[in-house]
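To keep things simple, chains are lettered A, B, C, D and E as they appear, and every chain counts its residues starting from 1.
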């Protein structure tokens, strides 16, 4: 998994059926000291996050193994929140 | 998912059977402020897009989970359109 | 999918059983104006291509969904030829 | 698989159910002479590692084939430890 | 698939059960003229290779489709040897 910072919600999207029930967030990847990098991903929120949260992102087929992300034809999910960023 | 801008249609393609019914678009990836980058992908249109649309791209096995992209041996699909690009 | 140019055939290969019936080509990826880049891939030919052809490459599990590539333990296939490169 | 060095444990994480039983480590990728690079990954420990261990990382669907990582919606696992780094 | 050069064997590894029967080699990727690059991968040998061999590497789920690599939780396999490197 990669570490990212939630920087915004993707709100106005013409989704097809399977993506309608999910919330999509823009997540910027960070380095291992939690500084944001240029890369980002749009990911399904499976845990309930807010802006500026540091989160773990699963990509690929593993991203569709949660109850919330399963029906979606997506390739990225937020699967955990890092509460205390002292790694 | 990644964000991209539809820049053209790939029209003249000797496709094999499974790819014939689908529309293929050239999509340039953008940064999180929607500025196009050098990278691009050829993706199946599963929602009905037009040139200059900002879209979400799913890659890998997730790209084949829509009704339209399922029979195709592809690795990228356009799965949503961002109508209001204020993230 | 990505766009590539067929630059040669990989002929002299000690293949194991599943790869023996397939033809392997060296394909250099191109940018969206069809200029070749440094990156390349060795891909299974599922449609019948020749040198200098512009083609679409599917990577990952999607590359093994054609009748020809199915039995092979490969990760890349040529799945279409771009006949008229005016995108 | 890639080679990495275990640099810390990700301890304070609001995990959802499937990730609770697993231990997550921050692993920095190394070059083939075991010098750490900037890239890293958060991976499930399937073998019992400690800080500074050199390990092999499997990514993608293969990372979920061990007994420990199977139930998790992850995309990276530590699957072996390199005891004698003289390759 | 990508082209690589076998540069060494990874011998001293605390493997878990599924990886014990396989041989792991360090393979450096090459460009299309067979010059080694900085990138490398640790891959399962499914064909019987030796040092300096030029080989084809399959990554992802396709790497686990050979009889030898099937039980392993790996993401890369050596699947062919290029005997005559005149592409």
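Definition applied: contacts are C-beta pairs under 8 Å (C-beta built on N, C-alpha and C of every residue); 3 or more make two chains touch, one makes a residue touch a chain.
All figures in this text were calculated on a predicted structure; none of them were measured in a lab.
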**Report entry** chain B against chain A, contact positions shared by both copies (same if over half, else different)
**Finding:** different
Requested in this report: Mind checking the rotation angle between the two copies, chain B and chain D? C-alpha superposition, nearest 5 degrees is fine.
Outcome: 145
**Report entry** Whole-Å gap separating chain B and chain C, where each centre is the average of the chain's CA atoms
**Finding:** 20
**Report entry** Contacts with two or more other chains, residues of chain D listed in rising order
**Finding:** 60-61, 63-64
Query raised in the report: If you go round the ring from chain D to chain E and onward, which chains do you meet, in order?
Result: D, E, C, B, A
Query - Residues of chain D defined as touching chain E within the complex - result: 1-3, 31-32, 46-47, 56, 58-66, 69, 77, 79-87
Query raised in the report: Okay, in this complex, where on chain C does chain E touch?
Result: 7-16, 18-19, 24, 26, 28, 38, 40-43, 60-61, 63-64, 72-76
